[in-house]
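Labels for the chains are A, B, C, D and E, by order of writing; each one numbers its residues from 1.
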Amino acid sequence: MFGTLFQSSDVVSTSFGVATVATLATAVLALLGLSWVADRWRVPVALSGVALLASGLHYLDAAQIWFSTQQMTSAPRYVGWFVVQPIQVASVFFLARIAGPVPVGVFWRTVAAAILMVLCRYLGDAGIFNPTLGVLLSIAFWLYILGELYFGPMSEAVRKSSRPIRLGYFWIRLILTIGWAIYPILFFVDVVIGAGHARSVIVLYTLADLVNLITVSMIVLAAAGKERF
Amino acid sequence: MFGTLFQSSDVVSTSFGVATVATLATAVLALLGLSWVADRWRVPVALSGVALLASGLHYLDAAQIWFSTQQMTSAPRYVGWFVVQPIQVASVFFLARIAGPVPVGVFWRTVAAAILMVLCRYLGDAGIFNPTLGVLLSIAFWLYILGELYFGPMSEAVRKSSRPIRLGYFWIRLILTIGWAIYPILFFVDVVIGAGHARSVIVLYTLADLVNLITVSMIVLAAAGKERF
Amino acid sequence: MFGTLFQSSDVVSTSFGVATVATLATAVLALLGLSWVADRWRVPVALSGVALLASGLHYLDAAQIWFSTQQMTSAPRYVGWFVVQPIQVASVFFLARIAGPVPVGVFWRTVAAAILMVLCRYLGDAGIFNPTLGVLLSIAFWLYILGELYFGPMSEAVRKSSRPIRLGYFWIRLILTIGWAIYPILFFVDVVIGAGHARSVIVLYTLADLVNLITVSMIVLAAAGKERF
Amino acid sequence: MFGTLFQSSDVVSTSFGVATVATLATAVLALLGLSWVADRWRVPVALSGVALLASGLHYLDAAQIWFSTQQMTSAPRYVGWFVVQPIQVASVFFLARIAGPVPVGVFWRTVAAAILMVLCRYLGDAGIFNPTLGVLLSIAFWLYILGELYFGPMSEAVRKSSRPIRLGYFWIRLILTIGWAIYPILFFVDVVIGAGHARSVIVLYTLADLVNLITVSMIVLAAAGKERF
Amino acid sequence: MFGTLFQSSDVVSTSFGVATVATLATAVLALLGLSWVADRWRVPVALSGVALLASGLHYLDAAQIWFSTQQMTSAPRYVGWFVVQPIQVASVFFLARIAGPVPVGVFWRTVAAAILMVLCRYLGDAGIFNPTLGVLLSIAFWLYILGELYFGPMSEAVRKSSRPIRLGYFWIRLILTIGWAIYPILFFVDVVIGAGHARSVIVLYTLADLVNLITVSMIVLAAAGKERF
């Protein structure tokens, strides 16, 4: 895939390599999972698998850029986030929909908020907006999604449902709260303070992506499996 | 996939990257959807998924051209349109066929009109026709398809059917009316006025493609899902 | 896939691009179709899908050769024909077998004739045979296949069967009669007369391949679908 | 895939191109076949499909080497044989297992013999062994496999079974007897006599591989199909 | 895939080629196996197939590095191990879970131990830790996993279960005991003693990976098959 020699001491290269293979492998696992989960679990499992696949494609690209140039900008990351983060939010909506009826408006509002959350960060990064304004608006949209997750109709539908759904929803919400907090923090360090896309920022972003994406997908898959086996 | 470094401020590169990952990801989603929709929904869902896949292949190619040369012509877009737009028209026909019997002649007429619509635009762009004549003929074929969609037997079959089909048909017809209007408009700017394939034209074409393709597919998938869940 | 910039006025490049995307897209469609056709239709549908896939791989290769060298010989076309044309003949046999019992000897005879038909043309083109002798022998094998299709046991089995099979068989036989006639004609122009593999020959071969392959596959798929929906 | 222009008169290039497309196309066909054969036929069909797929990957590689360097050694062939020939022997075992109980020890012995058969040839070719000794040992292991096929418990289990299995087993055994005889013969010409990996040796190896692999897989698939349709 | 000419006497190149084709072929086999194993066997079979697939991607990359540079470091191996070894441990857990209830805590502890086992080896190799300390810690985590396998609740659940599960568990545990012992041994030779990533180390690592991965997956698949056929 990359065809470039690197040393173990080159932590960034190793982390990009691991991220590519790990996201693609778990994407395959989630898509295979589709064949054994119950019918009503298929939509959230498929969405979380597609999010992993899109992220895997993005890391394949990011790793190739890094291996051939030993440089990285934040631009390829936005290619991933624009697709992955709205899909992840949609996957939580469909998880909650299994538990009980949730108005379809919630879906449109949260997915739109996720797209706007990435867009504001992107416009700030691209210099079209003021970066600080961009990240603050982005945080606002993120808080809106969290508000829907904690106090909206999804939360209510889940509360009355079976234990696997309740547990899965609880953990995914936690990851969207704590795990996603690293994105605005790193944005501040990278763009607002101006540290640039340094090696430590790259590794932290990659680790955050890996943990957030893989755990969310595996939680959805595990919750779906618990109902069956 | 592309292996080329670019900055966030490079909006064209970002939009090509997002278009590639987004179309491929939603193509996978639509094809996965085939395994959970009802039998009679399979043909329109498969067609909209294949349209997305063809578009994803085309954007993969367009993005690679852009990343390696920082230039773009309209030629690769026709490679996509020749395949995608007839498939999309066919997918609407099969959506209407679920609602009730539609004469098979409508299928041949609308698909032929879609191929001719792209062909006339292409011949104008390639300088084989007069560009203005090409785009006017193209608009005529587009209006013919719209006529079939609004007043033809498809519209009648849908009118008496279930709500998800009616709603899905309504929204897709709207996208084929408003969303497809951008193609002749941009053709005028690009070829007839002669602004060339400028950066803003590229981004607008890409956004139009993304919104038109992804929403049509997701509407078909959602309509198919509503009957089931 | 190709990563090479070209203009709309470059008709050969556009036709290779369209051929690649169109064959791969319809191959996916035919293979997806396998999941919804009735059991006894699976073999002909699978064969026509695999023929499209092999043709798509061949066009991917032919297009890459063209985009990087702006030249083409007939050699890559034989790579496609050696695989595609015997598979298409086999697909017609299995279509007829749905209608009623056809002796298995017909299968071996027609597939062998299809391989020999391509082989004779190839040996003539490669200069191992006299080209005129090669194409005449090739025509003889083609006429043998047509004889089997019009007067052999396949034709008889089909005559007594359901309308979709009769119609499908009729159209495919017509394409194998009229559509395949272009191959010896272009061979005469290209090799015997010695016009070489000119641009117009390339575009005509590509259009013939596209129409022949895609219509045959779609007819098989449509006939299979008519029995079901 | 290869992106290199070649002439029809270049028989080696054409044969590599045909081998790649033909093995990949029949691999897809065999894997699709999995969805319509009866349950107990799935293991031999899957194994023969995977053998074709591994061979296809190997030919894709061999063809790329040939197209870019116009040279070939026997080394890439061993990459294919190490994987393909043990899988083919395993596929015959599972074919016989459908007919009746065969002790699992036969499986381990024949697969080990197939690996050793390739290994001895490889060690002779690589100069680690005396080449003549290598090929003689390789022939010994091949004769052992044939012994198992003609006089072992597999043969006995098949004798009492249905006609499709008996016929399939008969033909595959014949191919493993006659078709596989070409490998030690060509090894003698290539390594022991020292003719080198000449053009005619390459074409003969490729034709042998094509006929052996594709017919074995198609026989397994046909035998599986005859029980069903 | 690699497109590089090499001689049979080049054992490293041949071993990388064989490793790539063999892991990808058996990965396809394991994933196909999913369609015929019983429902409750799907998770361990899928996990062992995904481990093979991840390993195949890693070898594709390692082989390309080797073919283009004729050099290898241990870094690309860690890319494989970070993904493959935790997945293999998870696959053993789910195998034991079929036999009877195993507390989910065992899963988290053994998977975490597998990740830490690779991480300690990696940190030692990268020079962030003292290499000797790294490998000793790695051995400690490996012994912990073995302890769970021999004396933990998994072992107990398996003891009371059917023969295929007992046999499969026994063999996989043996491979994780003997086969995995080669990793710290080679680490000592490679890093602590400082022999470097020599040709013999590369071939031994590759053979160990091949045998460990393929046998574990085939054992899981065979155990799953024995319950069915």
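As a convention for this text, a residue touches a chain if its C-beta (ideal position, glycine included) is under 8 Å from a C-beta of that chain, and two chains touch if they have at least 3 such contacts.
In this text, all values refer to a predicted model and were calculated from it rather than measured experimentally.
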Any chain in contact with chain B as well as chain C: none
Chain E and chain A - chains in contact with each: none
Copies chain E and chain D - interface residue numbers shared by over half, same or different: different
For chain C placed onto chain E, the superposition rotation in degrees, Cα atoms, nearest 5: 145
Separation of mean Cα positions, chain B and chain A [Å, integer]: 28
Chain B-chain D separation of Cα centroids, rounded to whole Å: 45
Of all residues in chain B, the ones touching two or more other chains: 35
Chain contact graph, described as a line, ring, star, complete graph or other shape: ring
Chain C - residues contacting chain B, complex: 1-11, 13-14, 17-18, 21-22, 24-26, 28-29, 32-33, 35-36, 225, 229
Chain C - residues contacting chain D, complex: 31, 34-35, 39-40, 42-43, 46-47, 49-51, 53-54, 57-58, 60-61, 64-65, 68-69, 71-76, 78-80, 82-83, 87, 122, 125-128
